[in-house]
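Here is the structure we will look at.
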Amino acid sequence: MAGESGELMEEIRLTFPRKVAYLRFATSISKQICQQIEECREDKSFASDVELCVSEACTNAIKYGRSGEMEDVISLYFQIFADKLVIKVQDKGSGFNLNNLPDPDIESLPDRGYGLYIIRSKMDDVQYTHTEEGNFLTMIKFFKGDFNV
Amino acid sequence: MAGESGELMEEIRLTFPRKVAYLRFATSISKQICQQIEECREDKSFASDVELCVSEACTNAIKYGRSGEMEDVISLYFQIFADKLVIKVQDKGSGFNLNNLPDPDIESLPDRGYGLYIIRSKMDDVQYTHTEEGNFLTMIKFFKGDFNV
Amino acid sequence: MKLNVARKDGILIITPQVKRIDANVASDFKSKLIDFLDNGDKIIVINLSKVDFIDSSGLGAMVLILRKIGTDGRIKLCKLKEGVSSIFELTRLDEVFEIHKSEEGALESLKTG
Amino acid sequence: MKLNVARKDGILIITPQVKRIDANVASDFKSKLIDFLDNGDKIIVINLSKVDFIDSSGLGAMVLILRKIGTDGRIKLCKLKEGVSSIFELTRLDEVFEIHKSEEGALESLKTG
């Protein structure tokens, strides 16, 4: 894995039915991809952090991403750059406002609302875009040793 | 998994760089899909036959599917029907003629040419089509208990 | 979701027999735990020794049970693996749940406390 | 590809330390085997006890070695798992390779035969 910072090197795409039974397809491919990337192997928690965030993001896409179309699917993109892994989760639901989400208020013992808090904690950057092709949650994690925005 | 024969129930798609290192992504998703399908779990050799054929077909797509495009990728489609699993392997190479392939002549100890022989032996039907979107090797395997064309 | 269930001195000990508690099993886990509460169990130890991976769906199931038990009963977790334990810390749920290293420790604390 | 290598009475015993012999490792496997031939090894036992999965890329590597050894030397396979063994049968390569159940059996047959 060599290449200039910022240069996309490889992309892996997985598209699967919007069903919770397929969640493990997403997490298992996430594990394999991190195994594949040398830079991740040196950072012990990289793979497990990514797996956790993929699980959270895909769970949300499955729960909230109902499209109304015949083919109700979720797509997962792993983009390997020289300095970072970018993960995109695409659903075709009505979307939401990422910036309006409060962190969970532990004192009130909420039984939900931890997903995006976990994603934000584990990732270096999280973005959400609504396009004609659907909603994309973009999660960015830099390889250790590289700069960390 | 219920549904009329002939009705497509679920589709899983994986797209990955045309590199041998990604072969195991293809076989591992194949194993998971067969685990997912109840009809396969009852047929002990179903999953291992499919895994073998996915390995053979993807190896060929990787070896011979050079596209010349910037994004040189292979796509793998698993289509689960009520009565069968259909697997499509897509490459963007120049293609070949499936019908012209002789079985390997063991007496002459060939060190290649076993791939499509194995695929044909293990699958119920094998087709090859050349379209504008690329070449598709389509492999069909019926679940046991259903009719077997 | 498969659970191992044992009872010791009126304490219910639940050991999930899965490696992953995610959205794929969380609702089943939740409803099985609720069944125990509905049947009168109030003092529960959840032994997570088999669990390698938990995400917010699994956490949510456990918080719901904690809330449902309220001040009527008690719940203890034990034998969290490192990855599981770190998610409790990240979400600060380690401050809300009583977490023990060993099952014996959890049981002991329920008898004495 | 990691190989365990041992020598007994002039026989080279190679035990691949991988679960899968597919296109991902086959060319490495092939060139390592060729190195042994180039260094004068002529009697080889390949112990496949660790291998769960082999496909035509792996088969091809082994047939190439068999052809390269020719009548100068001998090659034996042993400890094939069921899945591996069934692919040798399907391709009729079980008629071409001498296959033994145990490593001892393979070694014994090379001494006596």
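A, B, C and D are the chain letters, set down in written order, and residue numbers restart from 1 in every chain.
Quick note on the criterion: a residue touches a chain if its C-beta (ideal position, glycine included) is under 8 Å from a C-beta of that chain, and two chains touch if they have at least 3 such contacts.
These figures come from a predicted structure and were not determined experimentally.
Q: Looking at the contacts, which chains touch chain A and chain D alike?
A: Joint contacts, listed by label: B.
Q: Between chain A and chain C, what is the gap in Å from one C-alpha centre to the other?
A: Between these chains, centre-to-centre, one finds 27 Å.
Q: Quick one: chain B and chain C, Cα centre-to-centre, how many Å?
A: So the centre of chain B lies 43 Å away from the centre of chain C.
Q: Multi-chain contacts only, two chains or more: what residues does chain D have there?
A: none
Q: Touching at least two other chains at once: which residues of chain B meet that condition?
A: In chain B, residues 21, 24 touch at least two other chains, as defined above.
Q: Chain pairs that touch, all of them, please.
A: Chain pairs that touch: A-B, A-C, B-D.
Q: Would you tell me which residues of chain A are touching chain C in their complex?
A: Its residues touching chain C are 20-21, 23-24, 27, 48, 51-52, 55-56, 59, 62-63, 104, 106, 109-112, 114-115, 117-118, 121-122.
Q: Along chain C, where are the residues that touch chain A in the complex?
A: 20, 22-24, 53, 55-57, 59-61, 63-64, 66-67, 83, 87, 90-93, 95-96
Q: Could you please specify the touching residues of chain B with respect to chain A in the complex?
A: 10-17, 19, 21-22, 24-25, 28-29, 32-33, 36, 71, 73
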